[in-house]
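The letters A, B and C name the chains in turn, as written, and every chain counts its residues from 1.
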Amino acid sequence: MIEIRGLDVVFGHGKNLFHAVREVSLRVEKGQSFGLVGESGSGKTTVLRALAGLLERVARVSGEMTVADETLMRQRSQSFRRRVQMVFQDPFGSLHPRHTVDTILSEPARVHKLDRIEQRVVHALEEVGLDASFRFRYPHQISGGQRQRVSIARALITGPEIILLDEPTSALDVSVQAEVLNLLMRLKREHGLTYILVSHNLAVVAHMCEALSVMQNGAIVETMSEKQLREHSSTMPYTRQLLTASLGYDRTAIDAFEEFG
Amino acid sequence: MANAATLRGWLLAEIPKSKTQARCQRLFIGWLDFKRNPIAMIGLLIIVGLVTIAALAPWITTSDGLALDLANRLQPPGREHWFGTDELGRDIFDRIIWGSRITLYIVALVSIIVVPIGLMVGTVAGYLGGWVDSVLMRLTDIFLAFPRLILAMALVAVLGRGLENAVLAIALTTWSPFARIARAEALTIRNSEFILAAQMQGISTVGILARHVTPLCMSSVIVRLTLDMAGIILTAAGLGFLGLGAQPPTPEWGAMISLGRQYLIDQWWVPTIPGVAILVVSLGFNLLGDGLRDVFDPKSGH
Amino acid sequence: MTDSPLLSVEDLHVTYNTPTGLVRAVSGVSFELGREKLGIVGESGSGKSQTGRAILGLTAAGGRVSAKRLDFKGTNLLNANQRTLRQIRGGGISMIMQDPKYSLNPVMTVGSQIEEALLIHNPTSKRVARERSLEMLRAVKIRQPERVYKAYPHEVSGGMGQRIMIAMMMIPEPDIIIADEPTSALDVTVQLQVLAVLDDMINARGMGLIFISHDLNLIASFCDRILIMYDGRVVEQCTAADLDRAQHPYTQGLVNCLPRLDGSHEELPVLKRDPAWRTPPGAAR
């Protein structure tokens, strides 16, 4: 469904040159949830944004990317923008502060010239568990979890096949995170969606994904299946260290931590 | 009173039922915020006063302020002529009132020209960056570098005298800071996730600029406009003072000061009263602008 | 505990008067702190940060703090004068906050900030201050202390910035450290390394630590005892080891709704907020 081959992303010039993503390749099957894990600066969000075609003006992107048999060129097609959607990390930052929920949800429908816009908006709100009373509220009037639901509703309006999730629950309280993760799983089942989930939280990725890649310093360190993750049968020391750290505080284990790169 | 009660209820309702209602509610809350600032309310009062006076001019004045009455020239303020008469015997009170229309005309015309141009140039430059930004900003710099009055004088020399040409000259020298402000806001916003989300939706650049970037630049631009208004009025007055703006016998306040300045010592009311009028209106805009800024950007000030 | 507690808090209340009404950020929190690591866990709005700030008298303007008792080593913090409070802040109780970017002075070098922290509480000569500062940088496992000493905060990484914060807060040798989300902005491996540094210093000096966080797993593995806060109140107190035998349904809900590394892809049990957990309206003062 999604294939990335030799993706390279470079920001800036000369002294400020930053090689954010180095030769990244991955494959996501249709209907799969694929996780991209890494610490800050690993390049995981950059990979997602490169796939989404959001880096055209700010970086030099090279490599091949194919989505549903469509090879991606410099500009994304309208059909791509209908079939691939994204949910961002910051629930407040990803909704326009001056637009009502209704405007936020109807805009994509309008852009893609869909019919029965009002019904679609109400239906999308229902799907994410919000009732019609939310339609004319502003983002600052609703909670973080509700904003993230609106973000998800916005991603559903055009009837996509793929949703890219950039740390969708990192800014949420733990109890709200559980609700949103459940929602994402249910939507995936009901709509047959394909997900790429970026997160620094191994537990979230382990919970949601069937396969994952670990990134560090712009490159993929290891790709594993969920089974391998669960059994802690990683081969790379970086991944093992990440796994150990994700289990919680263990004073003796920390002494063994190495600095990588 | 039932209508007022239902209106208030509609404005304070928990769940807005339409986009219009939601927007009105937001404006209402902004208004409540604004009301709490007494200085800002004074500014608003002055401006509302200005508009009212201009609207009611035919009914407040006794003449059109243009008729000569040389027998009555340079009369001090008194019962018959509240502000006295000028060097041609015209009633100053009436001229001030009619002049308020001209002041408003100048304010409105400049705003209509300056705000759209500033917003367009600024948002495009800030959002697109690169060479577009450079070119547009150099253009802005060129206009910014000229001292306002000098450029206005030059333009009027080319275009000829008259109020509209003066207004055009003022507008051309005033739009640059607005472009800079709009650009600064656009630069801040352009990497926000909601802009990325809009790009993700496939919204065109024009659409993003119009519906996403510009609304967020509006508050800064409006505040700057009201704060600049004093300067605009003074420049118009200055042009009028130099004889380059409104031509006699039009009762433009600046021209009134110019023509009356020789009488400053003995018949102080002739140039002073239009001067006070300009002062009050400029002050009104300044206070209003301050109040608006406090409402739009609650982090600054209170 | 064999000796008397370092800090005693009894019935702490923090309220704010806002245009939309009275906000009760903290409603009747009571606990004691000895030479141990105490974790305070809660979601946003639980009042955990407000509790930490109230102890140090750092509540924001407009907030009212009251308590039956707020004692630090015998000194009543509620009616202490400004001079006493200033001596206690830093010298007795210190605070480490979340983002070193915002808590370190950007225009002063690291070294001068650490020295300043020392000199305020223990005036000595510049030479001694410099030596102690370098020592402190070494103690927090910074590998090139002379270089970092001369650096500015923006030149160091997040993890190093937090270790510098720790050095700054530890140098006046306080008895208690209050750490408010000290590692939330850091990567997970760096988080643990920073906590290890903190852990070692606290153990070596016999200090008390109040660790405020939203991360239940981290607190359960790092701290000795845990307080769970909800809606301004403490709904549960237990030792870290006993967390899975927690009594209060909110705690249980919190523990159960976390996704696990041995992920099951099953639906996570969602926390049903019982209105009975909320602070009853009459409880505020």
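Heads up, the rule we're going with is that a residue touches a chain if its C-beta (ideal position, glycine included) is under 8 Å from a C-beta of that chain, and two chains touch if they have at least 3 such contacts.
In this text, all values refer to a predicted model and were calculated from it rather than measured experimentally.
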| item | value |
| --- | --- |
| Steps in the shortest chain-to-chain touch route ending at chain C and beginning at chain B | 2 |
| Innermost chain, taking as reference the mean of every protein Cα atom displayed | A |
| Centroid-based (C-alpha) most distant chain relative to chain A | B |
| By number of C-beta contact pairs, the top two chains | A-C |
| Centroid distance [mean C-alpha coordinates] between chain C and chain B, Å | 52 |
| Whole-Å gap between the CA centroids of chain A and chain C | 32 |
| Distance from chain B to chain A - Cα centre to Cα centre, in angstrom | 47 |
| Chain C - residues contacting chain A, complex | 43-44, 187-193, 195-196, 199, 214, 216-218, 220-222, 253-254, 257-265, 267-271, 273 |
| Chain B contact footprint on chain A (complex, rising order) | 49, 52-54, 57, 76, 78, 81-82, 85-86, 88-90, 93-98, 100, 102-103, 107-108, 111-112, 133, 136-138, 151, 154, 158 |
| Contact footprint of chain A on chain B as seen in their complex | 15-19, 21-22, 26, 128-130, 192-194, 196-203, 207, 211-212, 215-216 |
| Contacting residues of chain A [partner chain C, same complex] | 39-40, 144, 173-175, 177-179, 181-182, 185-186, 200-209, 226, 229-230, 241-243, 245-251, 254-255, 257 |
